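Naming follows writing order (A, B, C and D), and every chain is counted from residue 1.
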Amino acid sequence: EGETVGFSQIGSESGWRAAETTLTKTQAEERGLKLQFSDAQQKQENQIAAIRSFIAQGVDAILLAPVVATGWDAVLQEAKEAEIPVVLLDRQVDSSDDLYLTAVGSNLVHEGEVAGKWLVDSVGDKECRVVELQGTTGSSPAIDRKKGFENALAGHDNLKIVRSQTGDFTRAQGKEVMESFLQAENGGKDICALYAHNDDMAVGAIQAIKEAGLKPGTDILVVSIDGVPDLFQAMANGEANATVELTPNMAGPAFDALAAYWKDGTQPAKFLQTESKLYTQADDPAGEYERRKGLGY
Amino acid sequence: MLLTIRSLTKTFPGTQALDAVDFDLAAGEVHALLGENGAGKSTLIKCLTGAYRRDGGTITLDGATIDPQSTVEAQEQGIGTVYQEVNLLPNLTVAQNLMFGREPRRWGLIDSRALRAEARETLRPYGLDIDVDRDLGSYSVAIQQIVAIARAVALSGKVLILDEPTASLDAAEVRMVFDVVRGLRERGLGIVFVSHFLDQVFDLTDRVTVLRNGRKIVTERTAELDRVKLIEHMLGRALEHEVAGQAARTAAVRPPLLEFRGFGRRGVVEPFDLTVGQGEVVGLAGLLGSGRTESAELMFGVRPAQSGEASDGQSRLDLSSPRAAIAEGFGFVPEERKTDGIVAELSIRENIILGLQARRGWARRIPRAEQNRIADDYIKRLDIRTSGREKPIGELSGGNQQKAILARWLAMNPRFLILDEPTRGIDVGAHAEILRLIRELTQAGMSILLVSSEIDELVASADRVIVLRDRRHVAELDGPRVTGAEIMRAIAGGAGRDGEVAA
Amino acid sequence: MNTRALPLYATVVIFLLAYLLCWLQFPNILSTRVMGNLLTDNAYLGIVAVGMTLVILSGGIDLSVGSVIAFSGVFIAVILRETSLHPLVVFALLLALTTAFGAAMGFLIDRLAMPAFIVTLAGMFLARGAAYMLSIDSVPIAHPFYKTLQSAYWLMPGKGRLTLIGVVMLLTVLAGMVVAHKTRFGASVYALGGGEATARLMGVRQGRTTMLVYAFSGLMAGLSGIVFSIYTGSGYSLATVGTELTAIAAVVIGGTLLTGGAGYMFGTLVGVLTMGLIQTYIVFDGTLSSWWTKIVIGVLLLVFILLQKGLLKLSQSRLAAGA
Amino acid sequence: MTLLKRIAPQLVALALLVALVTVFYPGFLKIGVSGDRLVGPMVDVLKRGAPVALLAVGMTLVIATRGIDLSVGTTMAICGAVAAWAVAGGWGLVPALLLALAAGALAGLWNGLLVAVVGIQPFVATLILMTMGRGIAQLITEGRILTFTDAGFAFFGSGSLLGLPVPAWLWLACGLGMAALMRRSALGLLVESIGINRRASALAGVNATVLLIAVYVVSGLCAALAGIVVTADIRGADANNAGLWLELDAILAVVIGGNSLLGGRFSIIASLLGALIIQTIDTGILLAGFPSEYNLVIKAGLVLVILVLQSPRIAGEWRLWRDSHRASREAALHRGAAK
């Protein structure tokens, strides 16, 4: 016991990630593990350097939340040669799967599909013009959540994405871009639904909709992804309609898998998928808000 | 003729700097180019060497028409130049400066050893034994000037142009430079020499060309001219009183105004005592680097003193910073006008009222009409040559910039004004004017500290002269002992080394 | 002693001192493994900093380099994916492209008398935008030649790896030293940094030199992009955001004056290693939260700069007193 | 009159840009009324331009002193975090705003001391706070988005006054007020003089050190206002993203405003126009509906074109061409008259 685990986190760019960091730390503490934390400030080069430093230090395992899918072969190979197991958190890499022990995470495309399916189901046969707030241009959640959503809409010609712009995963940009959507779509009267790649943008956009004199959740349906507390609050107020949860507790399953591996070399499955649960206004959003409030979001 | 210039013309916005000027330079002559401040001397040189694009005119060198577009081209054609003020690069070593653009190379790479050797070789005729591997900026202005001259000489195959090369040199160094120039004349080079020191002109040059307001006035053999006539050509009128002779020193004891006791700073100036009387002109004499500027800066709080105190008879003075010194009624016209004096992109008006405004505080702006009045007043009184008060001061000729800085301080009417080389680069007319002004100011009760390398100037205006050597005040001359010979002796360290310290 | 080299000495002394302090706390830091990592992990930064040093010496600044590195990676990855060209050919194409890009910025800066800060800022937007347009996705590079490049290293005693890209970085610094200190072009660069007007009067071909300086920086950014693509084995348009600022900080810590005209190429190497050491120290420590990481990096940066300033003052006054 | 001449290039650029955007989005100039407020893309530009415009006011002064302030973006984040923390903590609106302004002033003071007293080059000195600042902001928010519900505070972000958005009033007041202060008092002259030649100004008795510090403090205060606006706008302090990279936009605005990065003469009004130009580009891109990946290239291209057209060399060539044209026309007239 008392193993040292290095954790290379992407950064702290959103509340969700802060929550993931907090949960990883508390999980490690509960299990009596020593956590070496390194914040990469959104830079892959910092993550690679951190992993190499972990190897040089001789940690017992490495948790990696990769900022991008590509480019990990060499450093993972190094870890493998040093016989240090690596567990990927919440995002995938495109390296060969024998370079890491396992990956814990959700399926980003699937999340988009869940959100899209909810919209398809709730709109029915009505004509619906959808606007989309993308995540940071080029980031894998932005790409995959867009793809999944489009998959779900395929074949339903009454739903059309009429505007799609990046909101950089931030509230401010979400609000600003939504304002311009409203502006461009006849003051918002032509928009029937908003799909945001994360909840923060949705929260910003909800404000923009309110300020334009429309009712978010009623006049414009709002569906987004992540399940952060503020969005549950919005749902409780009837201002948002649905969110797909992405649990920030990725470390728990990771530590479980590591414990088993350390004990007798058990190889876990290569992908431990977390549930992408859909929450709607019917799922006691106020209660969910209370449950999540203190998690460090 | 080696070099022929025909109807050279150059116009700046608002100024006709050169108006169809003709100029000839023979091989084997030193040709003086003279004129008041702003007459167009530097402009002529810059047009000739491609630093400025000329508006019209032809240049012929050795019978062939040339049209240098850049200073490099001029250099390649054998014209080496020392420009006024813009000299060399302080961040490069002496050797790099000397050899810039023609560094010796081995296998395509600069050969540092040969570079140093050649640099030392270039400097040899000037008797300068300095470490050529140190940054040029770490040397005094005088040494930088000699390095610039050495570089230009080395570059000039046919023509050497020197724009006020001697402004910051003292007598011994001037002699050295002149020896080199004479040697070049023997070798058949044509040399253009710009200076406001008429003695040097008569000493060195063969012919003289005078410019006034951008026009050529006359070209004559130096030997056929006398001083008075030359000045008349330059000014377009006779000079009423040239700087010469003794100041009319009154034996009357002046009431003391300021007293410095044990004033000094480690590594800058050794502690000294100094009393300045009401309406008195105290001169500071010494060789370059003897600590005159440093003494002046100490008194003005540029570098605060570490020891000693100053008082005005009633109370102790706070001289911890220029602002404090100004509040005590001090003023300071610095030696390096480009870095310490002018604020180049501001207009003449703004430069003149800057000190006044700073003293009034930012909240109380001097009304525009008042600013205009002050500026116009000094432009007229000091005869600043400009197309208007709104011209950026950086576009004035060097001498006129100096006058504008002087105006800044006069406008503040200090009780004690420190003038560090106030006449450097200033033409004869203005020179006389400034010395007249000094007299006028002292008569009105202002006290003046005059730092100068020109002993004549000190003799002409100072009531008392302090001599510095190696950062120490070594002698004080007053009354009838303020003569050129006495000052020279004290500087050289011959007479009265001891006993006269702070007599 | 020559006063111009003082900042360099100060930088080296501070770096060694810092390394000593780190070693006292984490003995592991003196292993060849960490030293090898320091070279490999900062290879791309070192290369781009060489170009930046020259630009800063000339009195300019190049904000575009981070984006150019990202663009290079994407360019290489996309071309290798779409065509069957050999990577070496692609490298040549890329270097020509980035050099031309740098030269174009230099042209604007000189001919239109526009400030370098702004021109290269636009260049930064442009290069990043071009990378987006090539591909938004991160693109893996699968070419076998890349595997060879990536696995080219020399195993030092103690299991440390001296990688190919680390060596390339050291060679680049060496080349940079030659260019800056041993060629007429280098002398012109220092001259420009010392004062444009004076440099012109002394015979510097300002236009040519400016263009070459930025072209050199573009070349270095391209090379750095190649190294970065080898380092990560992929191209990603969001990579190396803000690297220009890290590079500038490294150059400044290395003792080069931001106003131009004074500094040493070797100092930049030390500056880069110092930045790497700060990173390594923080990872070894492993207790800093995300926000304390940022604060500590800033504080360490400040401490380095203050120490350098202090050391400089001290030795200067020593010299003055001794003289 | 001289002012008009000074800002003419910016006005022309803005007009051309508006025309260009209108081509791609015909409704750009439409202004409607919704309730008691004006709505329309132009109003959006006025509102969305607020952060950059506010930053540009302080940045203009800093740049006039030959400095640069890279830390304004992070200062925004710090001040926003402070304000949100105070409001959420029940301090009340006014103390929260004062606290945020104090934080901005403190950040500016820190920069100013490093630059003016310690003597670190502005780029590096402010780079330090730029690096640290987000960490400090996150320390306050503990990494989450600190939300609040105070309607009074939100008013600064999304309220409106006499039909116009409050942020627009803020930057207009701040910019015009500062411009007036600079020109009515002697501050403008003194700031310009230390920017051109600090040493000479100090020798002439200008209190250069204090003035330099003050300029950075003003920049910090402007950043604080900008931070308040963006925080109020989304009703939450987003320490990570508030003001991210806005320092670059602010510098760009100052330069598009025709101010020299080498210090000296400055015009705040022109910088404000620069900020408007940038915001028009940004809003125009959003409205025109191009795919996101083209945003940067379009912005870079437009900025480059504007800067090239404004560059002193081009202006010089243009004047030369115009003068020679005029001269030849006059000559032709003379000839005509002679006949």
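Note that a residue touches a chain if its C-beta (ideal position, glycine included) is under 8 Å from a C-beta of that chain, and two chains touch if they have at least 3 such contacts.
Note that the structure is predicted; figures quoted are calculated from it, not measured.
Colleague: Chains in contact with subunit A and with subunit B: which ones?
Modeller: The common neighbours are C, D.
Colleague: Using the average of all C-alpha atoms in each chain as its centre, how far is it in Å between subunit A and subunit D?
Modeller: Centre separation, subunit A to subunit D: 34 Å.
Colleague: Averaging only over C-alpha atoms, locate the centres of subunit B and subunit D and give their separation in whole Å.
Modeller: 44
Colleague: Using mean CA coordinates as chain centres, what's the subunit A-subunit C distance in Å?
Modeller: Result: the chain centres lie 34 Å from each other.
Colleague: Specify, in ascending order, the residues of subunit D that touch 2 or more different other chains.
Modeller: Only 138, 143, 293, 295 qualify.
Colleague: I need the residues of subunit A touching at least two other chains; which ones are they?
Modeller: Answer for subunit A, listing residues that touch two or more other chains: 11-12, 18, 21, 137-138.
Colleague: Can you tell me which residues of subunit C touch two or more of the remaining chains?
Modeller: Residue numbers touching two or more other chains: 132, 136, 289-291, 293-294.
Colleague: Strictly by the criterion at the top, what is the full list of touching chain pairs?
Modeller: After working through each pair, the chains in contact turn out to be A-C, A-D, B-C, B-D, C-D.
Colleague: Considering only the defined contacts, which subunit A positions touch subunit D in the complex?
Modeller: For this pair, the touching residues of subunit A are 11-15, 18-19, 21, 134, 137-138, 163-166, 168, 170-173, 175-177, 179-180, 183-184, 187, 200, 203-204, 207, 211-213, 230, 296-297.
Colleague: So in the complex, which bits of subunit B are touching subunit C?
Modeller: Residue list for subunit B touching subunit C: 51, 70-72, 75, 81, 83, 86-93, 96-97, 100-101, 103, 105, 108-110, 112, 133-135, 138, 266-267.
Colleague: Where on subunit D does subunit B make contact in their complex?
Modeller: Contacts found on subunit D: 184-187, 189-190, 192-193, 196-197, 199-207, 211, 264-265.
Colleague: Give the list of subunit A residues in touch with subunit C in this complex.
Modeller: That would be residues 6, 9, 11-12, 18, 21, 35-39, 41-46, 48-50, 52-58, 68-74, 94, 136-140, 143 of subunit A.
Colleague: If we count contacts the way the header does, which residues on subunit D are in touch with subunit A in the complex?
Modeller: Of all residues in subunit D, those touching subunit A are 25, 27, 32, 34-35, 39-41, 44, 48, 138, 142-145, 147, 158, 230, 233-236, 238, 240-242, 283, 286-287, 289, 291-293, 295.
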